[in-house]
Amino acid sequence: MIPELGYGALIVGMLLAVYGAIAAAASARTGRVALLESAQHAALGVFGIVTAALLLLVYAFLTFDFSLRYVASNTTLTTPFYYRITAVWGALEGSIILWSWMLALYTLIVILRHRHNARDLYPWVLAVMLGVLAFFLLVMTVPAPPFERLTPIPADGRGLNPLLQDSGMITHPIALYLGFTGFTVPFAFAIAALATGHVSDRWITMTRRWTIIAWYFLSLGLLIGGWWSYHVLGWGGYWAWDPVENAAFMPWLTGTAFLHSVMVQERRRMLKLWNIGLVIMTFSLTLFGTFLTRSGVIASVHAFTQGSIGAFFFTFLSLVVLCSLGLLAWRWDALAAEGELDSVVSRESAFLLNNVMLVAAAFTVFFGTVFPLLSEAVRGTKVSVGAPFFNQVNVPLFLGLIFLMGVGPLIAWRRASLENLRRNFLWPVVIGSVAAAVFFALGVRSALAALTLSLTVFVASTIALDYIRATRARRRMGEGLLPAMGGLLGRHNRRYGGFAIHLGILVVAVGITGSHAWSVQREMTVKRGESVELAGYTFRFDGLAARENGNHFLVESSFNVSNGHATSRTLHPAKKFYPNEQSPIAHVDYHLGLIDDLYVVLGDFARDGTQATVKIQVNRMVSWIWIGGLVLTLGAALAILPERKKPA
Amino acid sequence: MRRPLRWLIPAAALPVLGLLAYGFRVNPHDIPTPLIDRPAALFALASYDGPPMNLEAHRGHVVVLNFWASWCHPACYEEAPVLERNWQAYRDRGVVVLGVDIQDKPEAGRQFINTFGLTFPNALDPVGKVSVDYGVYGVPETFFIDGKGRVRAKHVGAVTDAAFRREVEQLLAER
Amino acid sequence: MRGPLKPKFVVGIAVVAVALAYLIYAGVTQSAVYFVTPSELQAAPKPGKVYRLGGMVEKGSVSWKPASLDLSFTLGDGQGRVQVRHHGAPPDLFGEGRGAVAEGRWTGDGYFQATQILAKHSEEYKAPHDGARPSYQDMMKSLRGGQ
């Protein structure tokens, strides 16, 4: 019953979405309001249907309905309750339904927020959103149906991949997808602007908050993904330049560029063409990312199943890219800049350079990701490029971007005078240089680490200097210290939200630098009672224990860690044996610290518990990455607050 | 920019899309096998039902050799009906479908065969020698062997109707 | 932008493009990794070049010495075979009769020195069971006894 019900609902939803898209587009062309209202109703209907379908799927998981192939493939009778819910989006078909639901939700919000304040653009926006939604619903009815019946009905399911049975896997897809789908809205507005010819700044002002929200969720999704990789996968790293990771990183890079270049358009009415191009590129990259992970075109550690779904995505991606770029070419003349770049030493120039670097990084990641395809097409040999390639090319770009983070917000528009430069940057440059000397004195020998950290200090100084000056100015007007500080944040929340986001990025950068420069690891086989020494810590192997643990069998080791002065703690790296998996899954145990993360992975072990092979890592500064994410969150929250019109 | 030049922008997307389209022809799951055009390794196994399975006995026929296992969810479960269906369709034209169950328990293998009502010969490969001889990485894998006993194609993952027919028709056409 | 591009832009764009192209070229040539099968490597091994060697771990070929962390095994593809050595414990998905990819260099001394052993988890594809692995009950018994 459930398979047919769900499947039918999705077909109806798809037809409604197609109808709604056509009706909205027709309304845009003819001006007939009735069509638009009909399209709106269709959108509401689609949201209701997709919500119902999603709930139906969740219900099927909770009630162990193995008549559904998707349920049988992703859960067993012993899967815990909460993982049964998250298993809904644990594999291909379910991830598409989650994506579709978020798109439908965003469409609903767009309707509620914009049906009155963007009358000329709104019909096209609705048409585009419903069109994209229709595609994803199509995918769920043909190549990747979540409601496919399985006959004969098995007695038990196969189970959820144990690597996915983790808290990170509950939140990571949700955050990531909210980010991906969120970029559909600015894209829809851009298409609406092109279609109507109203390519001035209104579409940008309308979508500013959408862009920040989408960008934020994408950032969050990437960070959670890194966190999941770090504490589950057992290699002690948080980023591997895997094609699937790159697929999410590319739209983040271009999305960041877009976030910045719109400010130039708002202020100087330049870069109109560039901005539309950027948002088209960002949206296309979100589709490309999905295409990459589901088509099997590029082999990856994460690779999902193959099938005709790749062809569907490829066709849609091509359609989107060619049509939107075609629209762009058509409206070329209307997109002429009204301002000019007066000087290389200006904020416009800094933002432009920021964009160039971000797009260059995105291109690099793209190139490295499709390189195996390229080399096979050109030379016939399978060649891949590994992490060294990405690091080598991207690190200089990222360093440049950090530097620009300090320069951009403070340098003057149009043409920065020497006075402006001196006033804003002299102290930060001095402080940054002093910091470099201090780091060297403290023993930092890696030139890259020293440079990155000094740049970080430079940027932090520019932010601090600006804030201090502004606070002082308010205080001179008679305000108290705290009201002055708070009032600044409230009155100029966009600016200070941006600063806070930059600070968050700086903290992340420090974390990445530290973890690369100063982390150490060691692998050793120890007998019970023996110890391994690393970075001043002593890890003593105290033995193994084994027991049944719900849906798996657990072999747990015990390591006592001490470093001389602080109290010792015990870590229990383990191996989990799941009945349906052919190999055990390592369960890393770790202790997080502000500077030192202790990280132990159990490798091989003797069956009688007398001996174990362990990989031990002391990772430095990794926690700063997660802390940076928190700062980023606060900054984004501040930035999207509604602006206060009256002076505080 | 003059009128025609602006269309360079959408045109610039074409080579990139072309490259991705090329990616479809290239299947990263095709682990290259040097067995193509080489003689298929001969073997003899005790089958689940019926006479012993002997590859040499089928010389002169097109043979579809499929490696599966009962614990192989969901791919082997997806392709079992496909194999049975196509076995029924092509047996009159002399095509032979052979199934080899690897690393499995006999009871589980039997249950799998009964569940899908497989009528083509299936045998258990208890020590895995046959799978080693064919360089089998995992299940399911299907080898298409021509009448002269040479391996002509290898399909990794669940075999589809289209893939089965394409390979078999090609080999039948050669005779 | 209306009108011809200003010279300073053209120069700027050209500089950036050239710099990027150089970085990418350097990066690719230094970190490109070639995928080979054991028979391909046997046919034309180049000492010092970084390869990704993919094949099946031959039964009975795995030798793991926990005390010295020396792992050695043979990767084959039905025609060729290559001996692989690695310092460190094998990853969880590694086992005899299963597929594996070893990244490293051919030493010229008759074996392949792997710096990394990769495993892949895909949902449509299952590596064969190792029938010799003890059942969970046996393992439980032996571990409880050894506590």
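Letters A, B and C name the chains as they come in the text, with residue numbers starting at 1 for each one.
Everything that follows uses one rule, which is that contacts are C-beta pairs under 8 Å (C-beta built on N, C-alpha and C of every residue); 3 or more make two chains touch, one makes a residue touch a chain.
Given the structure is predicted, the values throughout are model-derived calculations rather than measurements.
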| item | value |
| --- | --- |
| Between A-C and A-B, the pair with more C-beta contacts | A-C |
| Chain of greatest Cα-centre distance to chain A | B |
| Gap in Å, rounded to a whole number, between the CA centres of chain C and chain B | 26 |
| Chain A and chain B, separation of their C-alpha mean positions in angstrom | 38 |
| Centre-of-Cα separation between chain C and chain A, whole angstrom | 28 |
| Touching two or more other chains - residues of chain B | 1, 29, 71, 73-74, 157 |
| Multi-partner residues of chain C (at least 2 other chains) | 1, 98, 122-124, 126-130 |
| Residues of chain A touching at least two other chains | 73, 299, 303, 306 |
| Residues of chain C that touch chain B when the two form their complex | 1, 37, 39-40, 54-56, 58-59, 76-80, 97-99, 122-131 |
| In the complex, chain B residues that touch chain A | 1, 6-7, 9-10, 13-14, 17, 19-24, 26-29, 71, 73-74, 115, 157 |
| Complex contacts: residues of chain A adjacent to chain C | 73, 91, 161, 163, 273, 299, 301, 303-306, 336-337, 341, 344, 356, 360, 363-364, 367-368, 371, 375, 381-390, 392-393, 396, 523-525, 543-548, 553, 555, 575, 577, 579, 582-586, 603-604, 606-611, 613, 615 |
| Of all residues in chain C, those that touch chain A in their complex | 1-2, 8-9, 16, 20, 23-24, 26-28, 30-35, 52, 64, 66-69, 87-90, 92-95, 98, 118, 120-124, 126-130, 134, 136, 139-140, 142-147 |
| Contact set on chain A toward chain B in their complex | 69, 72-73, 152, 158, 277, 291, 295-299, 303, 306, 310-311, 314, 317-318, 321-322, 325-326, 328-329, 332, 370, 372-374, 376-377, 580 |
